[in-house]
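So, here's a batch of structures to check.
In the two complexes below, chain A is the common chain; its partner is chain B in one and chain C in the other.
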Partner chain A sequence: MNGIVDARTVSKWYGEVLGLNAFAASFGPGITGLVGPNGAGKSTLFKLLIGQLRIDQGELRLLGENPWNNARLKRRIGYCPESNELYGWLTGEEFVESLLRLDGIRASAARTAARGALETVGLTDAKDRRLRTFSRGMRQRAKLAQALAHEPEVLILDEPLSGADPLARINILETIAKFARDGGHAIVSTHVLYEVERLTQNVVLIHNGKAIASGDIHAIRGLIDAHPHAVRLMTSTPRDVAQALAGLDHVVSIEFPAAEAVLIRTRQPDVFYRELPGIVVDHRLDVHGLESPDDSLDAVFRYLVG
Partner chain B sequence: MSISLPRFTRRETPLLGRSHRVRAIVFAGLRRELRRPAAIFAIGVGTLITTVSSIFFVLFAPFLLQGQPLDLTFFYLPASNTAILFFVTLMAAIVGSGLVADDLRTMALTLYLSRPITQADYLTAKAAILGPLVAMIAILPLAITPIVAGLLGLFAWTIALHAVGLYLVIGVVLTAFYSSIALFLSSLTSRKAYAAAGIFAVTFGLTIPAQLLASAINQPALLYLSPWEDFLAIARGAFGVGGGPIDWAPALIILLGETVFASLATYVRMRALEVITG
Partner chain C sequence: MKLAEELGKASVMFAMTLRYLLSTRRGIATAALAAVPLLLAGSLAAARVETFDILLFQILMVPLFLQVVLIFVTLVSATALIREEIEDNTLPYLLTRPVSKPAIALYKYTGYLVAVLVLLVPPLVLAYVVTQGYAGDPLGAELDVLAAFLGATALGGAAYGAFFTLLSVLTRRPLVVGLLFGFLWESVVGSIPGDVPRLSIIHYLRSILKDMIDVGPLAGYPTDVSAAAAAAILIAFTIAALLLAMVVFQQSEFKQKA
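Moving on to the complex of A and B:
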């Protein structure tokens, strides 16, 4: 056991529901993608890693220490939860600063660090705005800022790209990559494999609370390419977005599941994600959110677990 | 020959202790409450009305208690002011109901606990936010009243200062009870309206039926069910007023017991709650 995270047959039950089922994996240093569908056990693993849940069975180590009830270790971790419901009455700067104070950082130092972290994620201009006025992408970046601000050794990011617009995604990915280049470690959960592909080659696939595969991303990608990948775009002009994307060779189908949404299925998600920002800018499209329903990943998981 | 690789080292910043971290939650919470119109209303109107009505009792004491000596027993009258009951309940409902429930709804609790603080730190901080605000109704007006009485020369300073001390003690009991009950109810739900309704139910849902039933079937022991009647019994005991329907000692034990039970239950609940939301 010598990774940043070492898990030996870790199990966690919520009453009769199994959150993690003999999860065994060792990962890090650098960036690791934790990929699995919703309900796979990603958030449970993260809550175990930040010491908010106690394991029922097995052994878990983060940076060589048991996370449970370990305040010293919490100071070395930056955690970004999945939830986007933040204290709307706080400004971006107050939000980051008040959480830094909980790390035992003096008020003046906390304010300086908060401003630095907000600058890192590109929110300097919005630092005095209340969080309730932030878009989802801005909220994701504010959460990332509070996770980064105390200069942790390990970032634990639960679906950091969920719902973020294309430009916010680029900023978030670049921030995580820079953190790793500077020597930090990051564990990034997602239910979209292609989101972590730009960050790392190291992934752990989690399904039904078990680590079912880990290692190089390319081998896993090969499996996924056999299944069309779904991307849901939130837009006020769905017809314009559909027209702009319809000509792409790899787009298999376009649906309109809601008044302000377009569902695209593509055979080449990596190409799609690469081309999308350019198309949005060139056609001046209003795309304010992007999600990936994980049915394509589910197909791979069904294949892997037989 | 050996080579050494560059090694990432984290910048070590001087970190403050646990009490500072708890204080950081308290200040953030108070800052929030003092911006909310509902909380400002409860604090302002509650403090004003309870203070003015208590001073009214002092000014008109010779008329209210004609023929009776103006000694320590007089100060039971301001303590039994029902405005205190109403505004303490209102304050606990407006401020206390959301203290934990809002954090559960927004999942801010997860963010809090990802920092180096424990559930006990968190609850201590939340109690420290609510306690002073409830005390502004339960203690402040009562403590001011004997001082005004002393300044006006209506009571001897020895009696007035004795009354201040007793008000502080019984006020702390009432503050602790309502703070612990409010936090307990707030920890049970992510909807603060439910917790607020529960606080009113604990106060008036127990007091009014207990009073009606106790007189209907002539069983004054039923009044122990009412936190307000318990408080009045404690106040009677403190100020040496005889002839109440229930005794102060069992009332004190019941009120303190409920406070301790609610605090422990809240702590246990918070520990378990993380598992449920995980």
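Moving on to the complex of A and C:
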């Protein structure tokens, strides 16, 4: 066991519900994507890694140490939870600075580091605003700022792109990539394979609490490309968005599931994600949110696990 | 160096707790409730109630302040310390810092204690001032009454706070359990003749008032516990409940929402 994360037949029950089922995997250095549909066990694994939960069976090591009630280990990790809840009564700067001071960093150094982290995630202009006024994308970036401000060795990011607008996604992806280029390790969970594809070639697939595959992303790309990938765009002008996207070769279908939403199905998600920011800017579209329902990925997992 | 670093962490957690309990909507609501003694004294003075003096003040304050305001303010504030972090999904931000869970509970409790004193003491002192001013008595004439109520407030705030903090790590519904304890257990057990009231916090608070105040409504309260003994028992209870809360918190997992 000498990876960044080593899990040996780790099981975790929530009463009679199995959260992790003999999960076994090793996460190496650099960035690793933990990919699986909602409810697969990604958040459970992360909660075990940060010591919020205790394993029921097996052995789990983060940086070679048992994470349960290991306060000393916390200095070496940065965690970005899936939930967008923040201390709404604090400003962005107060939030990051307060948490830095809990890392044992002195007040003046904490303020400098907090401002640096907020600048990294593009929130300098909003640093004096209360967190309760932040949009979803801004919350994602604030969470990322507090996770990396103390320069941890490992970033643990639970669905860091969920609900973020296209520009926030670019910023978050660039921030994670830079962290890894500077020598850090990151574990990024997502139910959208294409989100981690831009960051890393190393993925661990998780389904029903088990690690069902791990390794190079290209090996499973072909399987997923066979299934149209769904993307839901939140917009106040769904017709305009649909018109702008209808001409793309890889778009299979366009639906309007709600008054301010458009559901796109594409056979080339990577191309779609690459082209979308340009289309939004060129057509001056109001796209304030982007989600990927995991039904397309779920189909792939059903295929993989038979 | 390590001590300085730990003190720095404690001060941050303390300040965050204090600010949350005093400046959010919760703080405004509890401040309004804590102001009831002052509002009552002011109303009696404004209505020119002839019998309004330090005795009537005590007759009103023992049930109103001791059995309602003190319990409610401490309950609402202490159960927010940890349970709301769990319910609001903000606990992971604290659990991923190099601060042990018992230390988190302790630092938060310290912030709670100062917050409830800030909420409860000024209205109580001002209510005393209004009472004495209306009765035309010197401010220092009934200091035993003021000192007894302030002592009961501090010790009651500490004991109830520690117990409600324990409830907040033991149960998912600390507010409901706390309400049952505060308004059912305390009033029923505290009123049963014999030694049973010794199982309630309020018995010791009443004992403090009885022992410290020369003339008051609790003069005939059946207790042989001196103010010093009552204070010692309440302090011991506070420490025990707080230590238990820290141990339970240390061993707790947070499966639900956090």
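The rule is simple: the second predicted complex is superposed on the first by the 306 of 306 C-alpha atoms of A that agree within 3 Å, B and C clash if a C-alpha of one lies under 4 Å from a C-alpha of the other, contacts with A are read in each partner's own complex, and residues count from 1 in each chain.
Note that in this section a residue touches a chain if its C-beta (ideal position, glycine included) is under 8 Å from a C-beta of that chain, and two chains touch if they have at least 3 such contacts.
Computed from a prediction, not measured in an experiment: that's the story for all the values here.
Q: After the alignment on chain A, I want to confirm one thing: do chain B and chain C clash, or do they fit together?
A: After superposition on chain A, chain B vs chain C: clash.
Q: Pick one for A:Pro81: touches chain B only (first), chain C only (second), both, or neither.
A: Both: A:Pro81 reaches chain B and chain C.
Q: I'd like to know which partner A:Gly184 touches here: chain B for first, chain C for second, both or neither.
A: first
Q: Quick one: classify A:Arg106 as touching chain B (first), chain C (second), both or neither.
A: both
Q: For chain A, which side has the bigger count of touched residues, chain B or chain C?
A: B
Q: So, does A:Gly247 touch the first partner chain B, the second partner chain C, both, or neither?
A: A:Gly247: touches no partner chain.
Q: Do chain B and chain C land on any of the same chain A residues, and which?
A: Residues 14, 47, 50, 52-53, 69, 71-72, 74-75, 77, 79, 81, 83, 85-87, 89, 98-99, 101-104, 106, 146, which sit in both footprints.
Q: Considering only the defined contacts, which chain A positions touch chain C in the complex?
A: Touching chain C: residues 14, 47, 50-54, 69, 71-72, 74-75, 77-79, 81, 83, 85-87, 89-90, 98-99, 101-104, 106-107, 146 of chain A.
Q: Sort out for me which residues of chain B touch chain A in the complex.
A: By the definition above, chain B touches chain A via 7-8, 10-11, 13-18, 20-21, 24-25, 28, 32, 35, 105-108, 110-118, 274-276, 278.
Q: Would you pull the chain C residues touching chain A in the complex into a rising list?
A: Touching chain A from chain C are residues 5, 8-9, 12-13, 16, 19-20, 23-24, 88-101, 250, 253-255, 257-258.
Q: In the complex, go through chain A and note every residue touching chain B.
A: That would be residues 12, 14, 19, 43-44, 47, 50, 52-53, 69, 71-72, 74-77, 79, 81, 83, 85-87, 89, 98-99, 101-106, 109, 146, 150-153, 182-184 of chain A.
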